[in-house]
């Protein structure tokens, strides 16, 4: 266990890959070769996919053995439980930088690991976005060609979806949330490490997709189109399966932590709103993602085993895939959005020096969105011809979501109302989010209404709409959250002078990009086209210029993250004078966070009170604690 | 970069840990319920849809439900034995639990073997290209496979339980650990019963083989 | 919130004037008005970008877009006005947090209630509008009702193939075409299916869109009301040449249509009664 | 000041690395410019539309992809069918284009018999080994050559689809492929524009529809058609 780290993981992973490939070839191909002289082409196709799946399986299993994920379960079965010393080793005690490359159970290490992998994924996804926009700069561009273009569109989609799903609950849900609720670690530290390393193991599989044939289907991977995709599609399906397992594990872990491990006195009304947002997100993912996983399992069976779930000539139907997919697909956008908004809700009181306006409304709004989000999936299928009679009910459920969403807006502007609005970068993220999310939300109402959706479905309008919500609101919120918690997580201050430039350049570029996309969407340009009619040339050119601006802004922001992390000013333990618990512990945060667990007597939003004695802890805040 | 090196592990009391772990396991079971629900939805939806009349192409014979119920029966038996054992453990009767765990392990393995046997016995003709004929056979095979996967996990968990009981790891205060395994046993058995009822009573498609909505 | 009574407003000096008389409320109302007027001046843009309309249901769709845009301008303006005013008026700049915190009021129940009711009403309006229009937007809610005294609908079978649309006219002796010819002012019923993967049949200027799903028949209909040449596109990613899966819909007079059909080799002559009516 | 310079320098370096990463990915994934087959113009021809240049193209379809130019998707695949010698075609605007296809590959039943018929050619006919035809039996289609495009206000609608009669696979010619069927057809081009053509016979990978593999990769069973 002590010798295992990322290097052994990669070595074992490669061994697993090669072994699985050979075994699969022997097991699956030999009987066929022994039989007929020439196998029918359909069977050859099944065998190719079968071997591809087995090989990927070999990589992940090998990797997980090599990182040490299975030593826990094996030792449990054998009855050799961890000693305290071993548990401390697993938590990363006295290991310096090496603990970031091991199966480390400390929630703070996992949080940083998630942060890094999120940034890597966002970087790759952003690169693909630049290539996509470059191809679309002119109507007849032959830069990427259709196969590569379609693959990159799908890759951009799924990479960004994975990155944005984990971007709040991964880094901040792991690093910040347990401290915020006064816990020493997560409920299941080893599951925590497992959820991260599952993603880490499968990211190489996902990134290999363009090089093993691609997945020219878009990230939705609709069947039966996905059925004719090259084996890159197997990489996609496999990634989703592993990712769904990781989400379920992380979801169970974070939810249990938040529900069962809040410190004494932290009743639900004294729990910070961020905790509600994270729990809503991961809690929603628990029932939602397995349906996506099931959709991909069936897809894999169709491709590798010869079942006919999505094959119309064999009794299957593309509608089945669409239903399973969107049963996950719509909750998933709230899985992304809610924690980002909750992070902004958490930091708004700090920078307005005011209590959160109507905490109850915020909680009701979040629960309302979560509850409704599982009843709206078919609004993605208004024009699919599947159950047209259900259009009305689904329109109703979808549009009702705008009521809780509107409440969240009220909470934001209510908290700014008559505040002492301290204009720092995290607060600027709130302004930007309010601008973007109003547009994203309103265009969502257009799409929720069947008469408008009839014209806009499948057009660039949809693309612009969901980028306004997922990027304009969720990613913007995450940038704010990163700057806000940066001092606690890295021990250094974020350089806002330059960071502001990066942030606002990206925001301006973002609005330009999607303004152009709304234009061509209204005019009738379909989504996911590599070439288009001359009539859409202007809007697309605007979009591409905007996209490059985003790229420059994001690179500046990235530079500031890296430079502040390595050489920024040393942060005090509570630079924002915030009242939540994570700011009351020293920076850097000690291994078990609290020596004595704090007792909570009121909620953390008591700004403007005569005696700010809230969030009282037994442990005096250590001001200015440094490395 | 930890501040203090004099860290000692804080241990929470078993009851707290127990309630925490019960909650976490329940959530993981919720995830599995969603997965099984998806497969059940797939079966019923495709049966209703009957695209091209290919739910059960002509000449196809439905699988006899006997084997399904044999597997399910073994699972129910295993659940009962294991649950009673866990109750005995709570009452402080460790040897009884140990015996129950071993019996449940054997039952889970029997069920697994029967399940695999059923998958081998399915009389679904694969065409020369290796494809299943129709979605009924595809669904049956997938549901059986999912159950086999369930049973594999169950067998591993029960093996751990039995072995740890042998080593004397379980006593009254830690009796919540076998109770967690009981939750799992209960869920896989319920899922097998639900799937068994569905595949026994909902076989032939109610819809005419037509192309239309 | 457990240990704090809900303080509505607790400004020290004097009891505040009622909400609508406060200076900040008036300023915000002014900003809101300006933003709303600017927004309302721009409501023609979506409809203008959507280009010409070739059917009544496209008219409905464009009307919907304009209405929604007109409705959303004041809504967006509320949020932006309060945000702009707050940031401009109550801004604090400095490296350290402000010494004095803002007033500690936790909620304002009348505002929350009013806000919820208003958003509920808006939602209801949008929903009712949608339900009323569903009748005219056939893909979503079944087929549109035929106008009284109209000719019986003409059926066109639409087949999506990977990257080519083709159209069959079963009532005209199964003549086939790559370009969709439609007679003016006559209801056309589309039976849409696919030979391979899921496509989406989209006549842009007619507001017709319905998926072509293999193994299923989806239906929609339209009454074209303008002569001209319109775009047929695929709105669901369908593989390599999805971008090039486009053709044209040509709306012509009934006479021109009949001539085209004869030329294509329609076996069954179009019944004279229908012709008379169509010519009118 | 010095600190500022250093920061500015590293900022520029970061942006340069980022841009370099994007450019590098672009270079890695970009499609190489395909070899273009330009139609050979042999004089003019009198047509109902006036006197037009007469351009000729020759294509062959092979049961494997050992021939011709292929994109970045991995060159020759023994199990992929292909058109050759090039799939990127270029013809003059406002001309009569005559295409000759040598069909070396066998065939089966086509999914949609619309494509067993000739569409969009002069007089709606094509020649099979010199004999005019308007359609072939749907169960003997080898491939099709189907041209379509992106209609826009300033681009003419062009649609041509011709079925290619399957070759008899029993009779092998001197190049190791079956003796081909020769299909010839002509059509008019309009204003300049970019069009696409592909095969409509499902001859690729996949368990359903069989439009994967060669069918879903440009340079094998699909290509561009530039009217210049």
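Note that the chains are named A, B, C and D in the order they appear, and that numbering of residues resets to 1 at the start of each chain.
Simple rule for what comes next: a residue touches a chain if its C-beta (ideal position, glycine included) is under 8 Å from a C-beta of that chain, and two chains touch if they have at least 3 such contacts.
Remember, it's a predicted structure, so these values are computed and weren't measured experimentally.
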{"item": "Set of chains whose contacts include both chain D and chain A", "value": "C"}
{"item": "Pair exhibiting more inter-chain C-beta contacts, A-C or C-D", "value": "A-C"}
{"item": "Chain B-chain D separation of Cα centroids, rounded to whole Å", "value": "52"}
{"item": "Cα-centroid distance, chain A relative to chain C, in whole angstrom", "value": "30"}
{"item": "Computed distance of Cα centres, chain D from chain C, in Å", "value": "37"}
{"item": "Where chain B and chain C are represented by their mean Cα positions, the distance between them in whole Å", "value": "46"}
{"item": "Multi-chain contact residues (two or more partners), chain B", "value": "51-52, 129, 131, 213"}
{"item": "Residues of chain C engaged with two or more neighbouring chains", "value": "196-197, 214-216, 218-219, 231, 239-241, 243-244, 246"}
{"item": "Touching two or more other chains - residues of chain A", "value": "41-42, 46, 146-147, 216, 224, 228, 306, 308, 311-314, 316-317, 319, 385, 388, 531-533"}
{"item": "Chain pairs that touch, as defined at the top of this document", "value": "A-B, A-C, A-D, B-C, C-D"}
{"item": "Of chain A, residues touching chain C in the complex", "value": "146-147, 150, 153, 216-218, 220, 222, 224-225, 228, 267, 269-270, 312-313, 316-319, 352-361, 382-385, 388-389, 391-392, 395-396, 399-400, 402-403, 406-407, 409-410, 413-414, 416-423, 431, 434-435, 438-439, 442, 445-446, 448-455, 457-459, 519, 522-524, 526-533, 576-577, 601-603, 606-609, 612"}
{"item": "Residue numbers on chain D that touch chain C, as the complex places them", "value": "111-112, 114-115, 117, 119-120, 146, 148-152, 157, 159, 161, 195-196, 198, 200, 202, 208-209, 211, 215-218, 222"}
{"item": "Interfacial residue positions of chain C with respect to chain B in the complex", "value": "193, 215-219"}
{"item": "Residue numbers on chain D that touch chain A, as the complex places them", "value": "7, 10-11, 14-15, 18-19, 21-22, 25-26, 29-31, 33, 71-73, 79, 150-155, 194, 204-213, 215-218, 224"}
{"item": "Partner chain D, residues of chain A touching it in the complex", "value": "41-42, 44-46, 123, 127-128, 130-131, 134, 140, 142-148, 152, 210, 213, 216, 224, 227-230, 302-303, 306, 308, 310-314, 498, 531-535, 551-552, 555-556, 558-559, 562-563"}
